[in-house]
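Note that chain A is present in both complexes that follow, paired respectively with chain B and with chain C.
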Partner chain A sequence: MKKRILALFLAVGVLSGLLGGCQEATPTDPIPSDTNGTSTQAPQKPAEIAVGIAQDLDDSLDPYHMTAAGTREVMFNVFEGLVKPDSRGNLVPAVAESYAISPDGLTYTFPLREGVTFHNGKECTFEDVLYSFQTCAADSVNSTVVAALSNVADISEGEGGVVITLTAPDPDFLSMAASVYIIPKDGTDQAAHPVGTGPFRFVSRSIQENVILERFDGYYGAKPALERVTYRIFEDGNALFTALNSGALDLVAHLTVDQVESLTNGYQVLEGTMNLVQAMYLNHAEAPFDSELVRQALCYAVDVDAMLALTADGHGTKVGSSMYPAFGKYFDPALADRYPHDVEKAKSLLAEAGYPDGFSFTLTVPSNYDPHVDTATVLVEQLKEVGVDAKLELVEWNTWLEDVYAGRNFQATLVGFDASTLTASAMLARWVTDNGKNMINYANPDYDSAYAAAQDPSHTEEEQTAYYKECLDILSRTAANVYLQDLADFVAVAPNLKGYEFYPLYVMDMSLLFFE
Partner chain B sequence: MKSLLKKCAALIITLFLVSALAFLAFSLIPADPATSLLGSEATPEAKAALRAELGLDRPLLVRYWEWLTGFLRGDLGNSYLYRMGVGEMLAGKLTVTALLTAESFLFTLLLALPLGILAGSVKNPWLDAACTVLDQAAMSVPPFFLGILACYVLGYGLRLFVPGAYVSPEEDLWGCLGYLVFPALSIAIPRAAMAVKLLRSSILTELGRDYVRTARSRGASERDILLRQVLRNAILPVITFLAVSLAEIMTMSILIEQVFSIPGVGRLLLSSISNRDYPVVLAIVTLLSAWIVAVNFLADLLTRLADPRVRLG
Partner chain C sequence: MGKRTNLFLLLGGGLTALMVGLALLGTFWTPYSPTAMGAGEKFAPPSLAHLLGTDNFGRDVFSRVLQGMGASLLIAACVVAIGCLAGTLVGCLCGYFGGPADYLLTRLCDAVTAFPSVLLALVIVSLAGRGTAQIVVALGILFIPSFARLVRGETARHRQANYIQSARLMGVSHGRILTAHILPNLWGVLGPGVVIGFNNAVLSEASMSFLGLGVQPPFPSLGSMLSDSQTYLQRAPWYALSAGMAIALLILGFSLLAEGLQRRRRA
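This part shows the complex of A and B:
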């Protein structure tokens, strides 16, 4: 008997020792002070870097079939169009040496640059450009680009390059042309071995491990300083962070505030924006969101500042409509303050709309992106204050795509919309009543006519801008959605790696980076 | 011989059922691969074209039949996502998972046998109790938790390794095996603890048998009795256990791959499920079940070979 009791004591002793050991070791941050060892003692680093990315390039690498933003972000370095965006959002000549648009807006002339070669060594000719436009028009998975290209009447050789004639003027055509990446006409298997004209050439990809790019020495423009870029794939956020903090990676973008704050390796942290509009998107075909008063009440009920403080330590930019700040030309910060946080006002609007006791609804959120889930969690709490009971439902991304986005079978959802081309229409076309992508079933004749006016080529650029701004104002006025923010984007860069620039698009330009 | 045939038949039927169920399950999961592949911006025409290209517009049974005949010919089909042969994709991933499984199994053996013998021969009741408690604790920790603990304490805290800094075996075989040490230990420790427990009780049972008393009376040393006579009998159940462990270890590898970011079969399986890349999922699920069935078969065989009594019965 005595023995058994002793054994029991022993057991408890060992167990608590074990647990105690764990507790001591895990939650505190036992970082030795020599954390900079790995990063600073390497002055002779060869011009190659390892970039950590959070998702595999798990789709086709064919430039007209790429769908994932993460894939486009990498392949931006490999492909170029006749023109390409720079970090300020201007379209600058790339494969074309320059461009000219006829006064009637119907003829675009792109003289081809001398000495542009593909990564396979072949020279880029008119035939390749023609092939690229035709293939893209027939094959692209981007319906906006396909629609824009269906407007092309003729592509012919002339003026030292390409002359494109449109059937009707299109103010966004140049942006669309930038997303028609130029590929060789006899290029074989773009899906697995992409060939373009960009500053870097594709070397290899290893599924769920890495993607390797190398400097293309035949590039016509300024040669990148980096010789080799290895994108290493970490689908687990903790693993990505640990690798970054250990100095094994030179560059990681899209970090969260929490990660940035726990970073101890002395890396530079740059802050930009994610270039998207995060909002609670409401299905106007479903009661009670068909009521403008209800939607406005929700806008008043939500305290975006408090939300930013809670989810991201105050980082992020408030948006009041379907436009993010990088579109400086159209973005109006004043719209973000149209609905200041006001619980009483929200309650009285709800009462006026016939919901004095509030109501309940389901908020469907894709589970694959933590910032949206975090925001939704806070939002649900904030809505409780005005008596509105939101039930948070997390769904898999593919289910979201099918049920919510394509099927429009939802009440409210919280996601971010971005622009794949640098045009206002990429953000605004979708809210036109009969647009196929009008997920929220927004139907507003005023909006439709303002948008049509913005697209009307007989208007000057200033008039066009004014109409787009009017569109944004209508969205805000009618509380089309509960607009929240453009998320903060943090990038950690090795101390001696310079030149990183944020783009108004979801891309990372490797050609600008260099070691100091 | 007859029972061998029976086993083989059972193996084939099991695989057939598993693949059929997997196929059926995927046709029930919501979300259509074409939507998932082409994303939010694709035109309905493009989606329909892709569906036709992938053969998704044809009846389920026809698709299953084609897949099955292909599989039997050794053609695993093409990944929807990566647009390459599933066989080609799996080859590299299987190497990694096989290495991890092998290393885990090796550690299980290296830990289990000496510790088991030691635990079986401990005379001091205090020490014995301590061993039992420790063993029980090691046994009940799930491998993924050990893995997380290893990442944080040994990796992040003590900097013994960099979690996530995986090197592929083609690049550097020893580096890869080195990185796999902690993942393999995370899998091996609970398994080994179970084997230790089994070996200990098996040794204790054998030590109480008549032949041991006879040997003692003949003046054989305890050491000789234990290593020469007792162990030979005591190890039988442990061998079966270890053989079955091979299946368990493989499935554990899939979990542990997530924890240590090892791009093996498990990672590919999970991502393929969420991306609706059915050809890949089907191939992996079928191959995994083939492995499990085969290992159990092997364990059976080993037991029969090692112990003539089982053969008679």
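This part shows the complex of A and C:
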């Protein structure tokens, strides 16, 4: 089960792992600056923890070759870019001391922070940053970042750091820069012995067994409270859960509500969201989904609250459009209530659209991720009430990628989409008429012009936000898809371990954890 | 054994009749719709309203077990029918005529048997896609060799018998010898063979559905119910127990019946 969840992330987040957003309702304890040695408990527990993860880091440890979300989740503690995201989705200076953007949006200045050293003891210089950007642009498997870096005209030394000049303004460039992890230019073999500037250094990886990180004492920032983090790999979901419940692990993320219900060891359970938009995506090129009335009817026919109650005991957040709540700046909770559950309304809309007796269609769902299958199973039942007969077809993940995602050969499908970078466009660009990833063949001139306006660098940030919100409203108004939820994500943490924070992206920040 | 009561036959027959009866009932009538959600509370424990409790969607487990058994038995019947008919045909011809064709077909059957059946079925399903029809065809093909071997051995034995030799000398045609003389004599081995075949077919179908390759949701199948219920083993043990017990009882019934039939034949 765990493995399936990761498989999903691995692929839906095929690109990179930076999602964006702000504001997350999670318990956030401030990091005490002097945790070490101040513990009042009698036998002082060594500041090391065991974290259970569901998959090995077998893609690559090289920062430009990592593909799996699970790998990025671990290596986030080892690597840093010039700037890095924080738990609220802001970009904060990391290797750079600060950043400045010229008014025309073409020049980015990053003065380098004093005393940043790599885990191999060498100091980080302009040469290393230049090398990192060049290597990333040439080598990275993340096509979004490579595309953004192809826009770089020049990288030069100056103003105490790095000056990057673009050929054309790119409002998303800063979040792309956060994906360019800085590595030493005379680097060792990054795939086997990764070296970065993060708060933890990589110690070892034992295949199918564990990955060990240790606190990097030369870190420029606040020193982490934990000295050693061992990620133990359990590819079998039941084994992972048993180890957690026995107390052998201090922290396990991405648990399901059923696992949480079964947990008996008194661990704290924190609830966040998975940062994706789960929806029944409809192919607008296929009848009857070319009709807006039909799509709206389906939205009325589906009872999201009832679905949440059945599949996750009511956990999860309704979304209503292609944006999830961690994107606080753009997310509008009101959109989730645009289509309240109303069977009569759905039936009359269907009649108006020329389907008084309903219709039948095939709902294609990748079989590797149980929550999507469960949701689809409930939807099939709900749609029966308005006379719509949905036939569930489970397919392998690869088949889904090929036929549904790339081939667009489907009627309706149920999956979750996440954002590949810390920007709204990562969620919204795909619905532009001629976008290559416009899987549902959405074609709406109003949407296209609103999106283009949002991308226009001459607009201020407020105007940009307003345009993005308009995009979301258009998606909701035209019932582009049957929007459902952002799934609940549960983390179990040992009772005395504090400081866990949910990020709007798929990472676990070990530097914030401490024992109380 | 003598004239002692054949306990195996009695118990096995009774149990099988009961389970098949329930499955038949399930195809026509269930207390609740097997796919209706919220028929009861989620994870309601067994009660008078829900004999076997409810599952993670509040669906009635008893209704699902009934219909699941019906589906399993129907698939098993089709699989055994394919295996038995094709197997008997191949076995009869091979055993009766012999020759290089017999050698080739026998080796082919050996080759098919050499692979674990679930593995082969997996290959077939991954090529042909998921679904009930695919499972029937895949398992049906896999069941041919066991029947073919059984029938071939028996046919070869009868071919040497005096009454067949006499029939040949009287000029009776091959076709008539096969249908009128040999086939009726095969019932003795085919009977238990069919019952054991049912046994294996129910198990294979359950394994395939357990792996998600057989009956597709939302329709119930014992295998997929067992797979789904794993997650809720602690929260709703009756869910897994119901599906598991249904499979176990079905198979126990068939096994006892097969054993009983064989003992009667030997007696």
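Heads up, the rule we're going with is that the second predicted complex is superposed on the first by the 472 of 516 C-alpha atoms of A that agree within 3 Å, B and C clash if a C-alpha of one lies under 4 Å from a C-alpha of the other, contacts with A are read in each partner's own complex, and residues count from 1 in each chain.
Just so we're on the same page, a contact is a pair of C-beta atoms (placed from the backbone, for glycine too) under 8 Å apart; a residue touches a chain by one contact, two chains touch by 3 or more.
All values reported here derive from a predicted model rather than from experimental measurement.
Looking at the shared chain after the overlay, A:D403 reaches chain B, while chain C stays out of its contact range. Contacts of A:A287 after superposition on the shared chain: neither chain B nor chain C is touched. Residue contacts after overlaying the shared chain place A:L310 against chain C, while chain B stays out of touching range. When both complexes are overlaid on chain A, the residue A:V380 reaches chain C alone and has no touch with chain B. More residues of chain A lie in touch with B than with the remaining chain of the pair chain B and chain C.
Comparing the two complexes, residues 238 of chain A contact chain B in one case and chain C in the other. Chain C contributes residues 35-38, 42, 56-58, 130, 212, 216-218, 230-232, 234-235 to its touches with chain A in the complex. Chain contact summary for the complex, chain A toward chain B: residues 3, 6-7, 10-11, 14-15, 18, 22, 25-26, 30, 32, 56, 58-60, 67-68, 141-144, 146, 191-192, 206-209, 233-236, 238-240, 242-243, 245-246, 248, 396-399, 401-403, 405-406, 420, 436-437.
The touching residues of chain A, when paired with chain C in their complex, are 1, 238, 256, 258-259, 261-262, 306, 310-311, 313, 367, 370, 373-374, 377-378, 380-381, 392-395. Those residues of chain B lying in contact with chain A across their complex are 30-32, 35-44, 46, 81-84, 89, 92-93, 125-126, 129-130, 133-134, 137, 149, 151-153, 155-159, 162-166, 168, 258-261, 263, 267-268, 271, 274-276.
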